[in-house]
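Each chain gets a letter, A, B, C and D, in the order it is written, and its residues are counted from 1.
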């Protein structure tokens, strides 16, 4: 079954719930190589975003835009504009379609990732959320090419994001606050890559099951 | 042998040495019920006083006055004016005498104590240096009346001062900084009574042995 | 002990050299004996104001030396009263023919040392009056104590009397004004952490991670009560209640509300506390006509807060608003 | 965590209420979206200055809002960049026909959020220029980092550009001046202790009792080096050396020397450090023509120090001396 606006809302709610649960963990990761607020920031933005979904309509881009605006205006920090732009650009990409197939979901994530990169200028390997998002996007695109079903595609994407997230640990940060640490940023998993993995995982757990 | 100006200088040096050695202990006592500077204060005042003795003459009151002035101008806090007045008034009391017998030493300490009480208005039992000085003075006066020798007189005075010092522990302070603590000042030995015991003990150890 | 210092014995002297270097236009620092006086000299015929006390309360008092506040200050060692020779030298340096007011915080050491300085001044023929500030309601004012401590009220009295002296009031008038203010001001403080006297090297008292001291002084003296840490609003209530009831402040009173950091408490928390303090004052029917918020009378790095309230009238407001130009307080100039 | 706060999530809002209550003559605080603007309004035709950033650096930036400095500030959550809607609302509220200068400290979050706000302003037809301050020599300025952080230099730039705007300079001129100052200012900081973000509840980093961090930022980001605590004079040398060599400052230069407390370090230590900093500057042949000493850009209760030096010329001195009237900086008014 294709992804509808209702699924997108379930996705955001699942992402918000996961971040709320792992808030302290995300903040702990950010304390090690940042300033100890990533969990709070995302939780603040996402709880507003999830609230805004309650009076949701069935319009895909409108849903994404309301999430984007909540993220932009309530998150703050680096992650606010980055996730805000993710949802903003993702929403534009899916356009007026009533629902999304695997290719549509891949387009959504690709557009979101491009937004993150346009805004933040991070390259793969810079130890940022890009490092979790890019493998997920690539997994989705491969799955679309190979005609995989949505659950499989998302399972692959989730696994790829998880791997990407873990692979940030040995990296030296070149973007964001962690880059100030130079060599000392090595040996710590990036908080933003971790939350981005949750974003992908939440999609797998919701779109995957609805399919 | 009677007490000469040289003995007074030896006394002050012995007092200064004892305070220098117990500086941390005095400060610890003062941290418990005061502001943690009694050891530093007295050490600063007494090391200047002891230095001033190097170009000492054989004039008793001049010796005492130079100690008084050093204590007043270098100690600070409550103990500076109190010990300063002790030595100032003690010096005036011994006048131009070339040396002191037991009665003279008793007069010296009585005058010093009166100075402390004039300056600080403390009564016995207020948990101050008075509680160590007064028993010592009384012991000296009794010894003088009974015609005791100087070593005995001073041994008695030292024991009395020690007892007075220890007896400050259960008292509630009614003067000085410790009085702010009210009931909570109970159970701690008074730092000033402790240094006053050293003052008496130093006299016993120097006049006593020179006698 | 973690401090940005060199040898513990040199802290006061080195900090004074720093003040002298930073504010040559405002302050002149003398050593041996140590005192700080305004760089521009006391105007002829003006009553001079001198205060002093242990160091470790910065910016008090040195930071309040300049036009319209103190003319001089005698810093002692950390938390240790300065000595009579300092006060005597400063008094003579400051006298511009109209006498010198000694503003003394009520601590045994300060009082006795200033007393001896006043005795010395008698010999030198400089007219001296002394005013003892004792605004701390944490201490019972009875014969069973050394009396109430002088704390936050001192800052306000120094500012207001500085303005009066600037306007040409006589020594008696300025001294009376100081006593009148002292009668109308009350303070109370608390601490979340102890401070560490540099030469002692260890915290003066130990507080558990979940404890606070209510009714502390400004020298790391323990307070009158140790208890579990509470939310800021409750802490502020605990400080305001005895202040309000002691004077007592009455419905309709105009007040100056002064919320002070003990040194280690950052400004964000001081403003947060100010919010509640003003709210309580207003609920009590008071009109907060002036305020002061920040670290003005501190206790080294101690984390904590004190609150001071002074009952105001139009005269006092006018004197408060008068120009002042010192390192720590400046307006109208 | 020991703080004078209520709920950790309410810290910023409650502190802002306190600021509003304490300074109604200077500041107006708006909520939802949150921004602070000068109470007297921006004079017609004057360029407006807006800054902003995470809270926890008090008095920066809210304490610098008023005449002759910032016209407005957008406070974020503690150590978290504010959001574009705050900046957008403040920008519109401030525009007095001559445009709005955004003064942005170089942090990824601040830069991106201000960027989005500027994009929004384009739609609204308010003329906006942005200047990014990046004076922190602790960070290597390379493509391998997010670039140098904006720290102490920001305070000086806000004061100097505020004066220029007050004198009627155009948006382009004020923006140029800000960039010129930014090119001439360098900073470096260190910490003896970590700070604790209220919502995190635990220190951002752990430092042993005998350790310090050199090259820290103002958000509790660990620094570039952890080492044994040294005497203050050596610490000051460690901060001054990279500042002096980076610009580089040259024999005969006039400078403004700014020694800043990170929050928990008391003023006595800041002055002690200032003494050494000025000594080093003078040994280097510099003339310290102006200075600033105290807690102006802090990191909550972090104990530590930062040093900032700005190369001055007569124009800059004149702008520095121009009247300023804000909660935290005031002279000439």
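For the reader, a short list of remarks on this structure follows.
In the analysis below, a contact is a pair of C-beta atoms (placed from the backbone, for glycine too) under 8 Å apart; a residue touches a chain by one contact, two chains touch by 3 or more.
Please read these numbers as outputs of a predicted model, since none were measured by experiment.
The chains other than subunit C, linked only through touching, come apart as A, D | B. If you take subunit A and subunit D together, no chain is in touch with both. Taking each chain's centre as the mean of its CA atoms, A is the chain most distant from subunit C. Centre-to-centre separation between subunit A and subunit B, using Cα means, comes to 76 Å.
Mean C-alpha positions place subunit C and subunit D at a centre distance of 29 Å. One finds 32 Å separating the Cα centroids of subunit B and subunit C. Measuring from the averaged C-alpha position of subunit A to that of subunit C gives a distance of 55 Å. Among the residues of subunit B, none is in touch with two or more other chains. Among the residues of subunit C, those touching two or more other chains are numbered 78.
Working note: touching chain pairs come out as A-D, B-C, C-D.
Interface residues of subunit D, counted against subunit A in their complex, comprise 33, 54, 76-85, 107-109, 112-113, 115-116, 138-140, 143-146, 149, 197, 199-200, 202, 204-205, 217, 219-222, 224. If you check the complex, the residues on subunit B that touch subunit C are 27, 31, 33-37, 40-41, 44, 72-82, 84, 119-120, 172, 174-177, 179-182, 184.
Per the touch definition, subunit D reaches subunit C in the complex via residues 2-7, 11-12, 14-19, 21-22, 55-56, 58-59, 63, 78, 192-193, 209, 212, 229, 231-233, 235, 263-275, 278-279, 291, 293, 295, 298, 300-301, 303-305, 327, 330-333.
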